[in-house]
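Naming follows writing order (A, B and C), and every chain is counted from residue 1.
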């Protein structure tokens, strides 16, 4: 049953990705600007333009172009970036780790902030503490990551300049890394000086991304904790002699987390979508930052590649959440 | 002898000031089964919950004392009170379908109190639980301990809950309508099991029920509750033989044959209820919180 | 009962504060030429980076200071509000109309219509919205109408999902069937039965969407893609402030505060309206 569920989701996922590919392809082919003209120096001959168009396959019909491109994608060939003159897949893989590290760090932080807030609110339900959690999470939620980023830049970049607000790592440092997963690699290599420098750069953009998600986790989890805490098995656990905090952690949290989990999965994709502008804001060298440059430079192959990778990330996360839900729910696991 | 549970003039109110318990007093001797009988809404479940410290947030105790084996619960801080309740009392809940955590295995749910509150070793707890499962006539403890609640029938789950309640040798068990949610055939077995374990372990039970038939079968003494007030208290045999209060008489009369434990109650006569309402109103008139 | 009444009483100040700010900002934007103390485009290198009025070196008439080109910050914020509110109202309304229409079609007709629309919604959800917006504006060309169109094209799914769910549950109801037998048209029934039920959610969503539209416009201006570079927008002021943050913090602080207040107000206003109209709470 679990396998069947997995296969159905996988199929839906492929259909969605195919749809994304079509939409991006159509959208950017409608673009009025001619990327080829932008590449060439003024005064280039018509022949030169025609040759370049043929080189990038732009002389064929849109449908032909789409299937040529799709065929390439299926073979791992995403084309060549027009502005950077490099293989798109290589460029994407070069930047993706930075974004993944940022997003994962932000997710962990959202959980680390949101879950204790939810527990605090549920533990003190009906009191001023709960009202405080509600107000704090409500306000945090209403302010998007872009604005949080700016607030953090002002607070910790200017007012109390303790964190770095620009870049991924201090430029003067010698980096011994062979992969692009700098943070992970610095830990594995026990180069904690570099880990610290990376964290100092990553913390502010990560907090900006994490805050809205933390607020959602706090609200949803608190609500479902409160529902669970009225159930009979929780009452029984209190009679057994467990404290309210123990009851929440041992009996309620797991069951309350299940309904929260699916929603957090969707929200995590929003967080990843937010990296685009937050990376730009903090000049963080990730995929999103490169995407904005690609759009501004009308670099069609690169835009296609990046959007498709983002879409792939989104559907993979949804798939993972769906599977996790099934695994955590004993009824589904054994049913 | 010091009572196992001593409740003195316990009163509780809802946020709107309505009283749900009216100066309830009752004492349960060690090893005694005390039935608490009344219609739904009479407050019988509230008494059990008040003792165990799990009243709904909306219900507030405004006066009275509760002593478990001579220890005044009101004089203990939250932690000490919790530990005392965990160590000396237990609850057999009403609905076995909702009283087990759906995401934890039965074994873990049965041993957690022994290990984490009473500080037993895992091995000792395990042995103890198997012994109790045997007493409640569960023949394949291995499978049951590894199961999740949804894999067991309602009757099986209630056996598990009974076994868990007796496992720590509590002095007092609150049984909150433990057979109401079960099939009629299963009800008989479960009732017999509780009676059997109670005799073997010598545990006092506060047995909350609306069913006079069950009262007759299991209890030595009865408190009859109406609108949060104890209207009559007597030994079970005497209550049925010579009920003193009109409400009790009406209750017994309304049960076709009290010797038939599974006959349901008929509505109580109107005139009796009118008399009761007057009695309650008179009691409320000079009642002030804190001046019982 | 009690809880609902208490929370409703608590909504009063929220509604008034949020609504108050929005009305104030809207009026300032509408009457910008009368209210703004200076010409928002006038550059004066003699007046560059003047601090706000309470600091040393401030000039009277330049209450919130000036930017690196000597343009008055308050006037630019007031004029920027015009674009922000135009985008907010136009984009949110378009997204709402588009999404509601598609949601009604999917929910009521079901079958293939529903399958296709739901699949499109799934595909839309797989796009990073900010990147999608930047891409669309780049394709459509910068300008006010492109920004509005881009936001509507991206955010219709929010409305579509809500309306579709409600339309589906209503379409199953008996009275829709009996109304049909009584001779009412299908679409007529839909509009009469579904709209009142979804109105609270849609109003809240609409208000929320206006806040989102303001942010998206600011983000687009921030990456220099919104409208022409001359017109002051909140996003372009922020972009300028981000660059000169160490020399003139006020160029970032004041538009940021304006944006936060506006976004918070839109979302709180929506929540408050929803609570007021919601039949369950009432």
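Assume a residue touches a chain if its C-beta (ideal position, glycine included) is under 8 Å from a C-beta of that chain, and two chains touch if they have at least 3 such contacts.
Everything quoted here is computed from the prediction, not taken from an experiment.
Colleague: How many links in the shortest chain of touching chains run from subunit B to subunit C?
Modeller: Graph distance in the chain contact network comes out at 2.
Colleague: Counting C-beta pairs in contact, which chain pair has more, A-B or A-C?
Modeller: A-C
Colleague: Which one of the chains is farthest from subunit C, going by Cα centres?
Modeller: B
Colleague: In terms of Cα-based centroids, which chain occupies the most central position?
Modeller: The chain sitting closest to the overall C-alpha centre is A.
Colleague: Please report how many Å separate the Cα centroid of subunit B from that of subunit C, as a whole number.
Modeller: Using C-alpha averages as centres, the distance is 57 Å.
Colleague: Provide the C-alpha centroid distance between subunit A and subunit B, rounded to the nearest whole angstrom.
Modeller: Centres of subunit A and subunit B (C-alpha means) sit 53 Å apart.
Colleague: Go ahead and note the Å separation of the Cα centroids belonging to subunit A and subunit C.
Modeller: Here the centre of subunit C sits 23 Å away from the centre of subunit A.
Colleague: Taking the complex as given, what residues does subunit C use to touch subunit A?
Modeller: Answer in residue numbers: 119-120, 122-123, 125-132, 134-136, 138-139, 141, 211-212, 215, 218-219, 222-225, 238, 242, 245-246, 249, 252-253, 256, 259-260, 263-264, 267-268.
Colleague: Give every residue of subunit B touching subunit A within the complex, in rising order.
Modeller: 52-54, 57, 79, 82-83, 85-87, 89-91, 93-95, 98-104, 109, 112-113, 116-117, 148, 150-151, 161
Colleague: Which subunit A residues qualify as touching subunit B in the complex?
Modeller: 125-126, 231-233, 235-243, 246, 250-251, 254-255, 328-331, 334
Colleague: So in the complex, which bits of subunit A are touching subunit C?
Modeller: Interface residues on the subunit A side: 12, 15-17, 19-20, 23-24, 27-28, 30-32, 139, 142-144, 146-147, 150-151, 153-154, 157-158, 266, 269-270, 272-277, 280-281, 288, 291-292, 295-296, 298, 303, 306-307, 310-311, 314-315.
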